[in-house]
Amino acid sequence: MDINLALVLLLAPFLGFLANIFLGKSLGKNISGAIGTIAVVVSFAMSLFFFLQINQTGQPISIHLFDWIAISNFNIEFGFLLDQLSLLWLLFVTGIGSLIHLYSISYMHDDEKMHKFFAYLNLFVFFMITLVMGSNLLIMFIGWEGVGLCSYLLIGFWYKNQNYNDAAKKAFIMNRIGDLGFLVGIFIIGFMFNTLDFATLKATILAGNNLDAYWIAAAGLALFIGASGKSAQIPLYTWLPDAMAGPTPVSALIHAATMVTAGIFMITRLNFLFDLAPAIQDIIAVIGAITSLVAATIGLVQNDIKKVLAYSTVSQLGLMFLALGLGAYEIAVFHVITHAFFKACLFLGSGSVIHALHHEQDMRKMGGLRKAMPITFITMLISSLAISGIFPLSGFWSKDEILMTAYHQSPVLWVIGSLASILTAFYMFRLMYLTFFKEFRGSEEQKHHLHESPALLTFPLIVLAILAAIGGLISLPGHSWLNHYLEPLFSKAHEAHHLGTTEYMLMAIATVGALLGIGIAYAKYIKQAQVPEEDEKITGFSKVLYNKYYVDEVYEAIIVKPINLLSRFFRDYIETALASIVFGFGKAANELSFQGKKLQNGSIGFYLFAFVIGFCAIVSYLILAQKKF
Amino acid sequence: MSTVLIIFCILAAVTLASAFMTIFTKNPIHSAIYLVICFFSIAGHYLLFNAQFLALVHIIVYSGAIMILMLFTLMLMNLNKEDEVHKPRITRLGAVVSFLLIISVLIAIFIQTKPIVGPYDTTGEDYQSIKVLGQVLLDQDNGFMVAFEFASILLLVAMIGAVLLSKKEKSSK
Amino acid sequence: MDVSFILIILLIGAFATYFSGDKLAPKVALLFGLVSLGFSVYLLSLFNAGQNIDFISAWITKPSISFSLKADGLSLAMLLLNTALTPLIIFSAFGNEFRNAKNFYALILFMSFAMAGTFLAADGLLYYIFWELALIPIYFIALIWGNGDAEERKKAVVKFFIYTLAGSLFMLTAFIYLYGKAGSFLIEDLYKLELSSQEQLWIFLAFFLAYAIKIPIIPFHTWQAKVYQKAPTVGTMLLSGIMLKMGLYSVIRWQLPLAPSAAKEYMTIFIALGIAGVIYGSIVALRQKDLKKLLAYSSLAHVGLIAAGTYTLNLDGLRGAVLQMIAHGFVVVGLFFVAEIIYRRYETREISEMGGIRSQSPKFTSMFMILVLASVALPSTFNFIGEFTVLYSLSQIGIIWAILGGTTIILGAYYMLRMFQHVMLGETNAKLFKDVTTNETIVLVSIITFLLFFGIYPKPITDLITPSLENIITIINR
Amino acid sequence: MDSVLNQIGIENYIFLSVALFCIGVFGVLYRRNAIIVFMSIEIMLNAVNLLFVAFSTYHQDAQGQVFVFFSMAVAAAEVAVGLAILVAIFRNLGSIDVANLKNLKG
């Protein structure tokens, strides 16, 4: 029974994918959208069912289908595992997924290949579920690469624009760099423990036999590289902002709420491994903190509404990694969930705005939308407050927990994290002010058409906004349902923070910081009514920021260009050289034959002479060698 | 020194000398005549071995048939002049060198093999009369019957070939 | 019933095709291809039921050569690859018109016959004869029905012919030497030989030269790209889909067991060559302008990895290599067919002249995409299984090998997606692109179905090959 | 009947044949006239025949002599064909100088 339901949970989106890809065109847009949505809703229902079940029993369900890959000393099963962690992820993947599918029905309605869009979205959900449900690292890897593929397909959804295709390709390849890390991690784990199965692995590690710290650290590092590819951490983060080329629901679903959290999922899954590699944990924490700050600074000056949100996502992911690095897995998970709510809401809100403005994404050409689009405005405001960490919205709780943990372990990281959250507050409200306040700066025609989005678009916004507001309830300090729920997963029990003076102080500092950020934004964009300058006029440090620290250019110069040069060099020179060596043998043979040809001068006398000489030579040899003949 | 040995020495001297002259005479007709002498002396050797039949056949075939053929050819081509250009010196040197080489090598072979020269005891058995030869040649069971037949075919073919080759081509070119 | 029937069917098929005339030839060839496929599946069932399907008969007494065909799991797997791809390749050619079609299709079947013989032969000289026999049809196929400038084509094809022939000559020498030692060409007798490490090294190298040219492993690959480009697509498919696998199969069947200590001693060098092929092939593929050449270099990269897998000398490496051989055989046939489909419509192989095909042909795009993904070894395709296993085996030799070999994951994605982008995506092409015909769909769909099915459930193939590979490992470690 | 070999010795015949044979070889190499070359070949053949007969007597076996018959038959055939060829060459080239026959040149 459980197995069948779990398979329904897994395969419903896949069936949706098949239906849409093969029949979608003939079914019409609405039906195709409905199929896509229902498929995910079914998965959501199943996830809910299992969630309630496991919440009561606490027993993970593991499903073994068949042996998949045989390795000499162990078998890799095709199996699934439904435990606390995977169900939590399933809930918000399918939940938010359903909302976004719903949203897409309206958002993509004008696109002629809507059925393809839904097919890809369904496929994505399918792979995401595979990733989350996999009972071993390799099944997880199927999902891991699968979501990368869907991300590629959806970023390049409007394939006629080669820039979008470039972005899609970049995302896929950067992800694959991470994937290689992941694979290497799998190899190391494989030959260290002879298993890839999570349960067995955990048991083996906790039993603590033959643990070579060096190799564990290597495995941790490799896996972290994998995670940083998928979750857009330094140095592999540059694909995520480019990925905004895809349709907005895709950005919301894949590049904010679900796929990019896969790295966090994986590290949380393997927390028992990372606990044994403190050096790697430190690296994770530092990289997370730096990513969060760097991305936030870039976010300050971006003018594309989706780019701002993209950098914000990178920054928030950095915070989650900071939490992971500090060993506070449940806090990272907490932030993943709250972030999924408010970031999905923000993206969908920005989608609503873009929809209203007919695909205008530049904030300099927005403004004053507050009155025209009240629902969008309010929901986005709530989410912005949440992400900025204003009491009592969800972001406050989760971010606060992270900063608190950081403070206890390393004040430097705390400072960096706090700085990042102040910047977050600033750029979010910069976004809000530029978009919704003051006068409209777009064209007259756009102004004429300004309207609130249809209910199909606003409904998901409202739901997500509510969740963004109250999401913090699942893990209130001192009384955390989430911590309790996730407890069986972790090897080390995490001690809850005492809510002492320090903690309240920290909360206050965080809130003040957030308010400060909002205040600066207010001063700059409402009081002084500034509008960001044209691209060419940006100077000084903000130009560096605006150009994202020139990281893309640096990568281009130190990696892509040399490889291409090398490729040309190999193609033009080495290939020719190798070929000419081979030809050299032929030429040598030719030359020898040409010389030898001269012996054949046609004179019979000469031939006879040669014959006589040869005969004599052979006979003399035989005589000299004392052979009897 | 017995009579036989003396006869042998004379015959051998004639053979070698005439062979030598065959090669060194400028006029081809003279060469042919020296060659005839050479063949006759070889027939003499055969007679010395008491192989009369062979000697006769030899004279008929070589001195009779082959030499006549050659002479006819010479006359046909009108080559009885001494118009042969000498080969370049290097070729002649080559010829001399190979002559010396091959003679030394062949002699070396015979010395090397160290033939056991025992007494030539004769059983008095007849082994080379025409009768015996005929038996060996034409015996059906362990003779050379088949080879003999083939030899006749060979001659036939050679004859046809010679006729074909020397026939004037009418429609060539 | 034994394996010799497969050879007989293919040979009769070749003659029947030749005598059936130009009109009927393709159909007759396809029929015989399918019959041989059906028959090999039947043989597989017999084999699985434990029946003896070997065929042994004395052939020449002095030197003692026997006509001995043996089928273990490995041979059967390769035989199935051959007989499965042959009808597909024949069928894929239905969309083209060929001069002297009867000769063309007869040569395909004849080549299939020779390759089947290579996979089955259990006698050194018999194996060598089949090995060389396979070269003759492809020579004519590439020379007569190839494309491009005739003079240049002749140069490339003749170079290929002489090059591979020269390599094989070393193998023949090695066989003759081994015969001198063992007094027999039978594989069991050769396995029993106890050679000194010096002898093993020379034999290993002689075999290596033959195989390295055929596979090809860098730096012996220079014939490859040109021939792939110049040969007709069918020829390219035969070459890359099956013939390369002959070399890899032979490494496992002949080279490693005959010279195990040399293999062990110099393992790293040969792994390094394989890996170098991976990186080099991938990097060169990045900047290719000709679609078929790009695929040729991608093939170089993939077989480099497979070769590295075989030289690890552990079960994972061999198993992964065999799995990857089969997977690569299918995917590369599919990709070359895709190139051919584009050529049929656009009459060009220059990537720069393509682009914007996707909007005109959704079905074709989807299938092409899946093939590209399979080629970059996306999990859930069969290629992933092989590539993962090979990389795993490499990581057991040294993690650095796995990392270097793993760059194929990144670089492979880079050049394949780049190619896909420039071929398929972008603004709608001005030239009309008709979506795939039914025939073309059948070929592509069968390939894709195979790849996806065994990507999820590879157990049948794994179970088939594992016992024989374990056997070979035992012989290697004797 | 007493054998001649008792008085002469087989070695002498061997040396005689060798000498005769070498003269033949020398002639082939030395002369340019094709007919003389032919004659030289005949000399070589006769040298061998002589040896055959000598050994036939030595072994008291008729087979050696029988072989000479065959050798003669072949020689006759050879001369017939060879001369015919010469005639043909002479017709085509107007000379039978072997130095002019260079069609074998590669």
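Note that the chains take the letters A, B, C and D in the order they are written out, and that residue 1 is the start of every chain.
Heads up, the rule we're going with is that a contact is a pair of C-beta atoms (placed from the backbone, for glycine too) under 8 Å apart; a residue touches a chain by one contact, two chains touch by 3 or more.
On a predicted model such as this, the values are computed, not experimentally measured, just so you know.
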Joint neighbours of subunit C and subunit A, given as chain labels: none
Averaged-CA centre spacing for the pair subunit B and subunit A, given as whole angstrom: 100
Distance between chain centroids, defined by C-alpha means - subunit C, subunit D (Å): 62
Interchain centroid distance [CA atoms averaged], subunit B/subunit C, Å: 66
Distance from the mean Cα position of subunit D to that of subunit B, given in whole angstrom: 5
Multi-partner residues of subunit C (at least 2 other chains): none
For subunit A, residues contacting two or more additional chains: 605, 609, 612
Residues within subunit B bordering two or more other chains: 87, 91, 94-95, 98, 102
Chains that touch, pairwise: A-B, A-C, A-D, B-D
Of subunit A, residues touching subunit C in the complex: 21, 66-72, 78, 116, 138, 141-142, 144-146, 149, 152, 156, 159-160, 162, 165-166, 169, 172-173, 176-177, 179-180, 183-184, 187-188, 190-191, 218, 563-564, 566-568, 570-571, 574-575, 578-579, 581-583, 586
In the complex, subunit A residues that touch subunit D: 597, 600-605, 607-609, 612
Complex interface listing, subunit A residues touching subunit B: 605, 609, 612-613, 615-616, 619-620, 623
Parts of subunit B lying in touch with subunit A, wherever the complex brings them together: 87, 91, 94-95, 98, 101-102, 105, 108-109, 112
Residue numbers on subunit C that touch subunit A, as the complex places them: 159, 162-163, 218-219, 221-223, 225, 280, 283-288, 314-316, 319, 356, 358-359, 362, 366, 373, 378-380, 385, 388-389, 391-392, 395-396, 399, 402-403, 406-407, 409-410, 413-414, 417-418, 421, 424-428, 456-459, 462, 466
